[in-house]
Every structure is written in structure tokens, then in C-alpha cells.
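Across the two complexes that follow, chain A remains constant while its partner is chain B and subsequently chain C.
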Partner chain A sequence: MASREIAQYPTATRRVLGVATILFVAFYLIWTLLPLLIMFLSSFKDLLDAFQLPATGDWGGAALLFTFEPTTKHYQNLFLDLNFGTYLGNSLIASLGSALVSVVLGSTAAYALSRLDFRGKNDLFFWIISTRMAPVVAVLVPLYAIFRSLDLIGTLPGLILAYTTFNLPFAIWILKGFFDNVPYAIEEAAMCDGSTRLQALRMIMPLVAPGIGAFIVLCVLFGWNDYLFSSIIGSGGAKTLPAATIALVQPQNIQWGSIMAAGAVTTVPMLFLGVLIRRYLVAGLTMGAVRE
Partner chain B sequence: MVEVNIQSVWKYYGKTAAVKDLNLKCPENSFLAILGPSGCGKSSTLRMLAGLEHISAGEIFFGAVRVNQLPPKERDIAMVFENYALYPHKTVFENMANPLRLRNVNREEIDKRVRRAAELLQIDMLLDRKPMQLSGGQKQRTAIGRAIVREPKVFLFDEPIAHLDAKLRAHMRGELKHLQRRLETTTIYVTHDQLEAMSMADSIAVMHEGVLQQFGTPSDIYNHPANEWVAGFVGEPPMNFLNCRIEQGTSGVAVVHPSFRLILNDVQRRLLEEKGAEVEVRLGARPDTIAYRPGANSGLDVPAKVYVTEPLGGDMIVEVQLGADRLTVKTKIGPSANLDDPCTIGFDASRVHLFAASNGIAYF
Partner chain C sequence: MTDQAINTGAGRPAVSPQAVVDAARPTGVRQIDYRPDAFNPAPSRRFYFLMMTPSIVLLAGISIYPFIWLIYMSLHTVGEAGQPDVWNDFKNFTRFATDGKFQNGWLLLIKYSAMCMVLEVGLGVLLAVILNRSKLEKFLVTIILMPMMMAPIIAGLVWLFLYNGAFGWYHWLLQSIGILGPTSVLGDSDIAMFGLVAVDVWQWTPLITLITLAGLKRVPQDQLEANMVDGAGPLRNFISVALPNIYPFLLIAVLLRFMDNFRFIDAILILTGGGPADATNMLPVYLFDVSFQYFKLGRGAAVALTLLLVTIVLGMVLVKLFEDPRRKIKVHGREEG
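Entry: the complex of A and B
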């Protein structure tokens, strides 16, 4: 049972550990959040303000971080001059598209693997996940050759396909676990109630929704954060945000302000996605359905 | 509301036969219990009736309709599962309404029927709860409710009350039987608990290792078991068995044990002759047909020793050592006896059973 109380009693070690934990978490938060904070703030700063740095050891000088004239010129530069609207769109379409294709194909495949027994099932299952074991770089060249002959280079469908190649095995692997956790008896009950096989599957879909939700986030993140595929397979017509951001680093001029703004543009949608999807990640939905 | 007819049905899992050549008939509106220990093929049989598993060979008819190739949806059955199998994300009301929704019953009618069923099962105050918030008994009643909201041709129960506590189980036995009589629907009930089968069913099919051992009324099964296995499985405490010999004596045909001999009556003798009795037999005597008196020379025929006494309030179970054999005797409550105290026991010759030692088939 998830709600069982675990009795703990104070000891000296535990107290020390408690303090250490708080210190560690605080340090970890600063370590991870400070760069993000600097990125957001810098994206609204003029270049001169952005490089106002306090001297080493001058803790009071940290206030300098927050004293600036806000400006949106970097964002204007990105969207009006550098065509970032298109790249943002490409990123959204490629990552969401791949997530959608992966979830449809992945959940059906995972369902079949979870419910049916057939010869060579375990080998098939291992083969599916083994396709993820090769490093991305190793398959990039052959994939490029294939995609070029199919005229998929520089297109969004090509990019979606490339991401799906890597998302799908992962999807099947994860979602199978979720289907395994839903007792088959629930579908049997639905069929006895008068459902068809497909209606019975639809009946249990809410029970695997947490899994699908979690997996969609992972898939979207994979596509969204990808640089390698985007710069090679997407180069030309299907450039996404990370590849476009790299282009802001030019030999004679690193556009720090725009890079920070591009970073913010890349980060914010994923933050919202995280908040949006959180309610699907509530575990324990199947509790009490059947007697274990 | 239909007769269920199982004809020469086999079920194979790979090369293992779980059900072997099963023939059963459940008349319209009657209550059939399939009784047997776990792994005897009873659940496979029920799942074949429901359409959840394929029939390897043979035929099943609901009335005149051969259902072998029909999916569960088209068989018009309602099944209650051992583990309830409720929809965890739906309320009790929605769980019960599901079969009606799937048949496009209109909203008022659904509401009416669900509430009526819920009242019948006394779960009408729980309609808004989710399965997680219910106790075992409430879940089980919800599962039954889901089955009775519509009027299916056949009810299938797969050990529906096996996981309830003893008191609630006893209560539900009565409730289920009452419900079946009231709804007048053909019911097939799978259980490993002989008490459930005996107390609820119109007829019982006893299965063991995939083979139907006996099919008859509860009284048939209890009073005229077809073989030693059925005799030992049905009845609590179980029947006692003793290795004996048949001897032709001056006073008639007798069953002889090292500690006693029983003279058979004419009916029993004729049955023995008809069935061509062997010399080696197994004598069966139910614990409540054996008389017991404490103390040496206390008046009954067979001297024995007390192994242990187990008082049960009104009754008492006495285990008795008789030579190398041990017998269970059920008697009215009396003083406890110590280990190895002498006692006497008596068999009621008209109520014993006799089985062939070789294959366990009953003579009577």
C-alpha cells in the first residue's frame, strides 16, 4: 500500500542527514535554476547591462543582476529579422508530430505485446529496444543516405520520421509496462458487459493515461531538444530552434542577447508542457480495481 | 432464460487438457454449480461459456443457438469475476450503468434500473463512490449489480464470494440464492467451496482434473457419491475411509476390518453383486454417522482410543485411533478426553459407503 506510514525516530545521524539534505537541495536548486534566471534576465537586457558583472567576492554586487533597463529588442530581432517564428513552428510540429505518431503506433504495439502470446515474443521485444542501443551518430549517416534517396532531407515529415525512429522503441518499451499493470480481467468484464474488443481497449485507456502522458513529455523533449537530426536531416527547410540558435554564434559576432532570448523561447513552452501534463502523472489510478 | 447445453467439450492449453469431454446440461432458470478444487477445469469451462476462451472441441448451446463462434457481446451473458474486475476510474453508478450504455438504453431507464439493482444489493448509498473507496463486500456487490442491471440469458459467476470473510460469505450465499430465485435466470456458478455449491445450487457438477466426476442434485452428490474422490471432497468434516475386505460369512456378506466387521443388508448385498464387487474395498463413513462414547466398554461395538477432541460449541469433533487408522467422528458436545483415553465407536451399517479399492468407483 502506497499510503502506509513508515515509522522513523530521531537519532543524531538522522538529524545530521536532515540538515545535509536541506543544504544539498539548496545547492542543487541554485546550481540548476541560476543559469536559467540569468538567461531570462539577460534576454531582456541590453548587451552593456548584461555584462555588468560584480567583482569576485562582492556578494552585494549580485544586485547588479537585477538593475537594468528592460528591452525586448532581442526578441524583436529573433522574430522580425531572423525568422524564429518559423523555427519555433518547425520545432513544435516536429516534436509534437513525432510524439503523436509514436504514441499511436507505440501504444498499439505495446498493447499487443502485453496481451498476446506468440512465438518469438521476447526476442521481438528485445530487438525493439536494441535499436536504441546504438548511438545516434552511428545511424545518422545511413539514415541520411536513406532519407536523401527518399527526398526527405530538409522536410518536416523527414524530421518527424527521424525522431519517431528513436521514440518508437522507447514508447513500446515504456507503454508495455503500463499495459501490463492493467489487469486483463477489466477488459474481459467490459466484453461481458457487451463491448467489442476495441471498445474494451478504449475502456482501459484512461488507466494508462498517466503512462501515455509521461511518455508524450519524454518524446516531445527528445524532439524539442534535438540538435543533431535537426542540423543534418532538417538542414534547409526544417530547421528547429536548437539548430537556429547555434547559427547565432558567428565567428566575428556572438549575438549573446539573441542567444539568451532564443534560449528563453526554447525553454518556456517545455515549462508549460510540464505544468500541463502534471495532472496526468498521478499514480495509483488502478488501485482497488481488482483483488490482487 | 435459456437452457445451457455443453456437449463433449474439450479445452487444451498447448498440449495440456484442462477440460476433458465435458457433457453438462443446465435447465432453463435453474442454478448449476460447478464444484472442484483449483485446477480442475471449472474456471476454463465458465470462460468458454462466456466466450473469453475458445472451445478446443465440442459444442456449447444456449437454447437452440450454437455459441462456439460468438464473441461475449453476442452471447447475452453477464459475468461476475472472482477479482470483481470493476472499472477503477468509474463510480459505482457508472460501473453498473456500463452494460446498459453499451446497449443504448435511454437515460431515465438506466437511472431507474441501476437504482433498483443498487437497492436490491443495498449499495444505493454508495453510487457516487469509486471502487477504491469500497470494502471487499461492497465491491463484490457492485460487480453483481453490474451483472443484474439487465436481463441476460445466463448469469456466470466465477467464485464471486471466495475472497469475502467467513461471516459475509455466509450472508451472501443466502442473498445470491434469493436473487437467483427472484430473477429467474439460468445461472452457472463456479466454486471450490462445497458448502456454497451444496447450499445454493439446484444441481452440482463435480470436476476433478478436467473430468466430470458426478452430476446431480446436492442430495445425490452427498448421499450417493459416484466415487471415492467425490465422497471425500463433499462433506465437512470429510468422509472417513478404511481399507476393508468383503467376506462371505455364515450370517451373510460382511465388510471386515482388523478391528470390526459389519454385516450388509439385503439392498447393499444386491448392489454389490450387481456391480461385481472385488474382495478389496474401501469403506466410507461420514463423521456424523459414527457413534462415539467415552470410556472403555462403554457399550458400542468397536473399542478405540482418543487421538484428540475438538469442541465446537454445540458439537465436538473427536479424532479416534483405530489400529493403524484414524477416524474423524462428529458428535454432540461432551466432556473432553485425554490423549489415548479408551472409548468405543459404532458404525451405522445402513449409512456406510463402499468403494472399489482399485478404481474408487462406488458400489453404494
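Entry: the complex of A and C
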């Protein structure tokens, strides 16, 4: 910023402002990280330790948060007794499968929409994106009936299809933006050299590949974090991690230790993916409206 | 034609020129059509339409069909367990006038969304301005976006643990500061709503920060400098130069969050489920109860249609914002948009 190049003399106001800024950022970081930290710590605590709380107003007692005997028994419980290995696999297959289906179908449709002009194209485009904006709760009943008549309830293909309902419109919308940025002249040149249209499309794929890669990761993220679909469409045979975690909340006996461990198992892979695609996150989460 | 004369020999003009060209063409070499439009074929529409078909068919199956079904259900009293559906003269819609929970649901949804928006935009923009071009920007942004990566339902569970009246750390913290009475946050109908807002603010403020940061990167430096030469301080600079530039970005962010509040009720379902005493019974939660707890599918469909209608109107506004040519030049950074 220009102001950096202008000499700034440390007046009293500036010093106070500087300190206030640092305090604000520090508080915000604590506010952001504390729930995550407590989740991770509690997942390694015996329940007796996890339920330890200092007396009201006893600030020194906050150290209790960190005083405990680490145990991995909740994780053992999850994977040895509660079958979480299967649920982890289900989550992985469903989210990855839907991401791949969405990208394959979505990129062909997006390419066509990007290259072709016809009457009503904007209306078609709006309709495509509106299928993603629709509140899930509103369309869940009819969707359930459709899936049941196709015998897809409680199966992984059913879940993949369910996730595709929100990933595909998103794919078309975002990927069209990527293809719009590739000049048609490249395909024309390829076709002059004797390529067919499909070969020409293959020719420009490397240009959109990085975007598509990041985009697959985003689709995985959306599928992985979904709960409503997996609890209703996937109920029975295709439980994913979020649905399996909710199953641990029983009215009389909430298994907090296992829940926190399951939360950690669900969250950690996504934290890494988030760092991996940080550059594309804004474009992805705003449906391409804002780019960094 | 001299070629012809050479090839066919003198005195035999009966052979047509085309036949000669055909005969002279070596076999096995790709034939080139010299008609002028062959060089620049109009894009074959059929090829493109074929590429679109699978996606369009799939999307139609999962959107138009359920939509028609929804309209049908909303006009009937849907029979349970094999009973026939009965036409009920728009009763599902007319009863909105007397349905206190429905009206309350909309009010609460708007109240909740408004509180979330104000806090998220306030905090998010402040954070973005502080982080913008600081040395630690990359590192800090990576940390603050962590909550966004979390499944909403898991976030709900973690906060349920934090708010717990017996062993929740946030319960202890709030009581120690002295702003919370003996009841837990989610058990008190006066403050349960704030408890939910806090979760949304915790998870989604980073989105506003990220979007604002993207916007701040595009604020023209010369305008900032000119303003400073005219004697403006940092605050004045922000209000009269940066804010007008990031305003379209903020508008999109707010609309997106608004629509997400309609769509994602995972955390609310697990945290309060609409309680205590309907204090957080927002419309999507009410809809979930009507359809999946009481199985009044006809009534549920009518409620769902009102929700869809509002979402579609918001979506149209959003798309108009996407297409606004003035904004597009700024956002995409390319003139042709």
C-alpha cells in the first residue's frame, strides 16, 4: 500500500491502534482455534478428564484443559468396535465418485455452453444454477421417492447420485468460466490441422486442468461434509462419517469421547485439502463470482 | 484450360475437367474440399447439444420432476400409509394466515440471518483490512479459514459440547465473565438464538474475510494515493475509496450467506432442533419437522414452495449481480467479460 512508502512517525494514537490491532487478531485467532483445539484435546481424553471443569470464576483452573492422561481408546473404539473404517470408506467413495461424475458430465456440458450460442441460453443457465440453490429440505421428500423407486436408497451409487445433484450444477457453472477463458482460436487452429472436434477439446484440456483439479477437491469437500443427504438417501447401507457420528448421539448416552474423535477424523483430511486449494477457495465458494 | 489440354492430349475435349481432377488425385491422401465454407465450418450445433444432453437430462430428473411433485403435494392432503391423496381447495396455503409457527418461522429466519450478516460482515471486513498486505497474511488466512472446512453437523456437535451446562468450556467461560445465568446457553429461550448466531459467525466469517481480501486486492492504488495527497487519513481512505470498490463483492457474499442460511440447517437441528419453546424454530427447521416428524407432506410441500420462491428471487438478484457489466470488468479483471 502506498502508505507504507510514506514515513510514519510513531505517534501515541498510532501506537494504541497498533496494540489494539494485535489484540484483536490474537482474540480472533483464539476464538477460531479454541473449538477445534477442545475437539482434538477431548478426543484424546478419558471421559472423566473431558468432563472436568474448574469452578465458575476460577481462571487458574483453565489449566485443567491441558492436564490429562492422553489415551487413544476413543479412536480404537471407533475403528475396532464401531466400524468407522467402513464409514470412512463410504465417505471417500461417495464424495470422490460424485466429484468425478460431476466433473466428467459437467465439463462436457460447460464446454458446450461456453462455445455455443442459442436462444434461451441464459434462462437455461439460470435454471442449472437454481437447482443448486434450492433448499435441500424443500426437495428432500420427492427426491427420496424417486430414489426409492430406482432402488437406490442405502446404496453407494445412490449416494453418489445424490451428491451429484448439488455438485453437477456447481461444476457446470464454474467450469464454464474456465472454458470461457480459453480462446476458441486454439481449437480452430487444431481443427485446421485436421483434428476432429473431440480431439480439439482434448487439446485445450491441459489449459483448464489446474482449475478442474482444484474443482474436484471442492466437490469432494461438499460431498464429504454433507449430512442431510447421507442421513436420508444413504440410511441403511451407505452411512458416511457425518451420519455415523450423529448416530453416536443417543438420548440417554451421548458418547462424547467417541464423537470428538469422529469429529477429528472427519475434519482433519478437509483441513489439509483446504490448505491445498486455498487459491481456488474463494472462486469455488462464491460460485465463481469472485476470483483471487 | 491449359492443364486439361496437357493431360488429355489434343483433340479429345470430351473428358470433363472434374473427371480429370478426380483421376489425378492420388488415393490414400486426405481429400480437401475447396468450397470456401469448408475452411470455416459453422460450429456443429448437434455436437454441442449432444455434449450437453446427459447433464441436462440428469438435472431435469432431479429438479423439474420433484418440483412438479412438490406442487402436486402442496395442493392435496397427502394420504399416509396407502391412503389416497385428497384435493383440499388450497387449504395448505390458506392456513398460512393462521399458522403462527409459519409466520414466526419466517420472522426468526430473517432475524437470525440479519444478526449473522451484521456480525460476519463487520468482523470479516475488519479482519480483511487488517490482514491485507500484512507480512503474515498467507499464514493467518490459512488458520482463520479452518472452521469453514468443517462439516456443519460436526461443528454443531462440537459447539453442543462447548455449550453443555455441566461440562462445556464455553458455558464455564461465559459464566466466569458473568454474562450467563445458571441456565445453559441453548436452554434459555432468550439467548439460544445468540448461541446459534455465534456458531454461524465462527464458521462463516472467514468467507467474508476471503471475499473482502480478494476485493481489496483490486482497489486502484492511484485512487488511494490521490486521496491521501488530498489529506485523507486511513479511515477516510477506507470509506471513500476502498469501500465503494469492495461493495459489489460484499453484496455477493451477503446474498450467498443468506441463501446458505436457508439451505443448511444441520447445525441448528443438532444444537436446538427449534427449541426451547420454538425460540429458534426457523422456517427450514419448521419445514423439516412438518415433513419428517409429523409427516404432513402436503403442508410441508406448501411451506417448501414459499421457501423455494424466496430462494429463487434471491438467486435471480444474485445472477443479475454476476452479470452486471460494470462489476464484471472489475471482478474478472478482463474487459470482454
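Just so we're on the same page, the second predicted complex is superposed on the first by the 225 of 292 C-alpha atoms of A that agree within 3 Å, B and C clash if a C-alpha of one lies under 4 Å from a C-alpha of the other, contacts with A are read in each partner's own complex, and residues count from 1 in each chain.
Note that a residue touches a chain if its C-beta (ideal position, glycine included) is under 8 Å from a C-beta of that chain, and two chains touch if they have at least 3 such contacts.
Values in this document were obtained by computation on a predicted structure and should not be read as measured data.
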In the superposition, chain B vs chain C on chain A residues touched:
C
Looking at A:129 after the superposition, I want to know if it touches chain B, chain C, both of them or none. Which is it: first, second, both, neither?
second
Contacts for A:203 in the overlay, against chain B (first) and chain C (second): which applies, first, second, both or neither?
first
Looking at the overlay, what does A:194 touch: chain B (first), chain C (second), both, or neither?
both
State whether A:73 touches chain B only (first), chain C only (second), both chains, or neither.
neither
Of the two partner chains, chain B (first) and chain C (second), which one does A:145 touch, if any: first, second, both, or neither?
second
Mind working out whether A:109 is in touch with chain B, chain C, both or neither, as first, second, both or neither?
second
For chain A, which residues belong to both interfaces, chain B and chain C?
192, 194, 197, 285-287, 289-292
Name, in rising order, each residue of chain A that touches chain B in their complex.
183, 185-186, 188-197, 199, 203, 206-207, 285-292
Interface residues, chain B side, partner chain A - complex
50-52, 71-73, 77-79, 81-89, 98-99, 102-103, 130-134, 136, 139, 143, 146, 156, 163
In the complex, go through chain A and note every residue touching chain C.
1-4, 6, 21, 24-25, 28-29, 31-36, 38-39, 42, 50-54, 56-59, 65, 105-106, 108-109, 111-113, 115-116, 118, 124, 126-131, 133-143, 145-146, 164-165, 168-169, 172, 192, 194, 197, 221, 224-228, 241-242, 245-246, 249, 256, 259-260, 262-263, 266-267, 270-271, 273-275, 278, 281-282, 285-287, 289-292
Chain A partner, complex, touching residues on chain C are 30, 39, 43-45, 47-49, 51-52, 54-56, 58-59, 61-63, 65-67, 69-70, 73, 123, 126-127, 130-133, 140-155, 157-159, 161-162, 166-169, 172, 175-176, 202, 206-207, 210-211, 213-215, 217, 221, 224-225, 228, 234, 249, 252-253, 256, 259, 262-263, 265-266, 270, 284, 287-288, 291-292, 297, 300-301, 304-305, 307-308, 311-312, 314-316, 318-319, 321-322, 331-333
